[in-house]
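Next come two complexes, and both contain chain A; in the first it sits with chain B, in the second with chain C.
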Partner chain A sequence: MIRERVTVLRREGTTWGLPGEQVRGVVRDGRGVQILLEDGSIAADEILAVHQHLTVAPAPTTVVRRWAVPCRGVAMWNGVPLVVVDGRYIPGFRGEE
Partner chain B sequence: MTAKQSAAEGVRYLVLQAGQVRCAVPVHQVRRVVRAVPVYALPGSTQDLLGLAEIEGEPIPVLDLARLIQAPPGGTPACPVYIIAETGSSNRRERIALAADAAEEIVMLPPGGLAGPAAGLIQGEAVAGGQPVRVLNLAALEEE
Partner chain C sequence: MSANERGIHWPLIGPALIGLLGLAGVAGMAASGSGTLFTFAFLILAVSVIAGYAAGVLRPQRALARRVEELEHVRHMTSAGITRALRELQAGDLPGAQRHASGLPHELESSLNTACRTLAALVQQIQASSVEVAGAGEMVHGTAGELASGSSQQAAAVVEITATTEELARTAAQIARNASSQAELATSAEEAGAIGAAAVAEAVSGVEEVLSRISGIANRADELGSHSREIYRVLDLINEISQETHILALNAAIEAAAAGEHGRRFTVVADEVRRLAQRSRESVDSVRTLLDEFSHSIQATVVATEEGSKEAARVLERGRSAAAAIEELREAIGNTARAAGEISLATDQQETASDQVVLTLKELSQVIQRIAEGLKSFTGTAERLNQTALSIQLLTQTFHTDSPRSLKHLAAQWSTEVAQRIGHWEAAEGRLTELLGDAPFLEMAYLVDPNGNMVTFAINREAADSSSAAPVSSGSNYADRPWFQAALRDQRTILTPLYDSLLTGERCFTVATPILDGGGALAGVLGLDVNVRGWVRI
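Take a look at the complex of A and B:
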């Protein structure tokens, strides 16, 4: 297990963990919240938290085998289990054109 | 009762209802049984992976036992449960939860008393309480 900085967000009813090192900024516009990454942005419904030291466990093999999204790990936040994934795999990601 | 006597008499199994199928899991492969708690789906996962649930403060993957054994779906369960088990190698054990419709009873099945072909999770069939049960081997989850 490692402790890392994770931005916890909600998108389409799912709670996601975004590795903190990917986040370049956050802007609010008419469409909601945009999380700016180095190579694009994520339209989030809501940012729930920015956790400085979230305990992240390795992705369970059971998940890796059954989910096409590369999962960096799993964690608990506020009683809610979440997956930590590269922002490019979170729904609502838009790459820079 | 000594271990030798126990082995001669049979193995203890937990009988579960999964969809329309009764199945039996060796008690020694079960870490515990808990009431089903909310599960958080992972969008785009295979259908047998229901998602993650918080169990004893940890995020645990939840598998749909009925789908794993291709059981026809049953009605709405009155008391759904999760069977907590461990899979993986000795240097990386992982806890998983198997969602079942009910945990019914513990039975003793005689050694070597299984019928039918073994396939994947299913080791064979036996009779418990006068009704057929599919006997499962959770260790097969590690070999997928």
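Take a look at the complex of A and C:
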């Protein structure tokens, strides 16, 4: 159990947890927002929260083993489970060319 | 020329000469102065006178007596002739009177013949005149009858026209009353129409005011729409600002999170700003929602005002149409009222005129009735004139003249014809039939024997209907008939009074004449039934 900076975003109905250290800023992008990362950006519908100390538990082995996406951990946010994933593996990530 | 005819009377000359001789002797002796001679002379004178008387008086007396006897005979014959002639004249037989006058002295015969001819001419003239008068009377009677009938029909027609005109007058009065009522109703309707027109005008004015207010509302709604759009723009601006603020707050929160403990308070402020931005956005959304509802309401109001405006316009149009219709109706009602008034006035005048016509027609009816009554009286007068003319005709027919219009003359000729066929009754009947063909005014001719038995008869089928049964029959006895008895008694042609014919039903009379055989004995009586109408027509 670690306390991490996590940015909670919603994209196409799914809530994602984005590690805070990857986030460089947020800009408006049409009807949504564009989350700027170090090596790209993610188009999200909305930024739900910016947590400085969200309790994140390591992902279970079964999840790590069976999910190809590197998972940083899982947490509970507002009563719902939240998966914290590297931003590069969140759908909608667009890397810098 | 005889001596008597020259006026010389010989029986008186002898005694006168003897007397003169005696007187001369006496005178000579007296002159000589002798007395004896005087006596002698006186004796001579006396003898001479006696001788002269014997010679001059006695002989002429005897001649005179013979002459007187002759004159008495002549007088007797003349008196008998005159008597017979006068009897014939009394019986109306002018040719008979002339026959009996033929043996009378010349002057008397001439005078009687002249009188008979004059009388015959007078009778014929009277006959012709009476026939003309009878014909004229019949014509006048017929014409007057037709006029009377026509006048009666005219009177009846006038009565009908009067009744119709009275009905027309009553109808006109009813029409006048109806027209007056209609005029009053039209006046009331016109007044009601005026009130209605004023009400409609007021309603139109009210609708126009409503329409104006609706237009004002629409304008205000448009203004509200414009203001709403302004508010939307402001809300968009606020939303934009809140979104920017939210982004700024997120970035601030990200930066504050990156700053660690040092940015913790800044993180709180950033969160608070982000929540404010969120609340702003929520408020904007709420305002937008309210503004949407408001806009919808305004839009509904605009639509409602547009519909109300359209409806008000339609109501206004209808109101104006109603006002125009009411105005036309008022004008029509006014015209109707004036027309009804004119009808009432005209029908009043018509009623008055009809009353005058009725009065005139009643007077006319009375005049026509008086004319009809006068014509009926005139018809009676014409009938009496006709009857009088017929009576005159019958009276003149009592004279026997040589005129073909003398029925006695005709009967005498026919009796002569029949007398030649005594005993040959079929021949007599045939001759009578032939004679009837030339005398259309005769209905029948018949012959009865001296005992009154019908021997033969002939019917003129031109005068009688062919289907009419003969009123006589052979073998029937007519001895009790007045015409038979009168013909036998007077031995002359007689005329009966008028009676209704059993054959034709028309007025007729009978001419009956005795028929004598070659020896002058009575062989029968010939009867001729004369149709008055046919006789007058001839």
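Following the convention adopted for this analysis, the second predicted complex is superposed on the first by the 96 of 97 C-alpha atoms of A that agree within 3 Å, B and C clash if a C-alpha of one lies under 4 Å from a C-alpha of the other, contacts with A are read in each partner's own complex, and residues count from 1 in each chain.
The criterion applied here is as follows: a residue touches a chain if its C-beta (ideal position, glycine included) is under 8 Å from a C-beta of that chain, and two chains touch if they have at least 3 such contacts.
Here the structure is a predicted model, which is why all the values come from computation and not from measurement.
Trainee: Judging by the criteria at the top, classify the pair chain B and chain C on chain A as clash or fit.
Mentor: Result for chain B and chain C: fit.
Trainee: Applying the document's definition of touch, where does A:Met1 land relative to chain B and chain C: first, second, both, or neither?
Mentor: So A:Met1 meets neither chain B nor chain C here.
Trainee: Take the Cα centre of chain A as the vertex and report the angle out to the centres of chain B and chain C, nearest 10 degrees.
Mentor: One gets 90 degrees for this angle.
Trainee: Applying the touch criterion given at the start, work out whether A:Val33 contacts chain B, chain C, both or neither, answering first, second, both or neither.
Mentor: second
Trainee: Mind working out whether A:Arg65 is in touch with chain B, chain C, both or neither, as first, second, both or neither?
Mentor: first
Trainee: Between chain B and chain C, whom does A:Gly20 touch in the aligned arrangement: first, second, both, or neither?
Mentor: second
Trainee: Of the two partners chain B and chain C, indicate the one touching more residues belonging to chain A.
Mentor: The partner making contact with more of chain A's residues is B.
Trainee: Between chain B and chain C, what is the tightest CA to CA spacing in Å in the combined model?
Mentor: 24
Trainee: Considering only the defined contacts, which chain A positions touch chain C in the complex?
Mentor: Of all residues in chain A, those touching chain C are 5, 7, 20-21, 23-28, 33, 47, 50-52.
Trainee: Which stretch or stretches of chain B touch chain A in the complex?
Mentor: 40-46, 48-49, 52-54, 57-61, 63, 87-88, 92, 94, 96, 141, 144
Trainee: Touching chain B in the complex: which residues of chain A?
Mentor: Residues 12, 14-15, 57, 60-63, 65-69, 74-76, 79-83, 91.
Trainee: Mind pulling up the chain C residues that touch chain A in the complex?
Mentor: 243-244, 247, 250-251, 253-254, 256-258, 264, 267, 270-271
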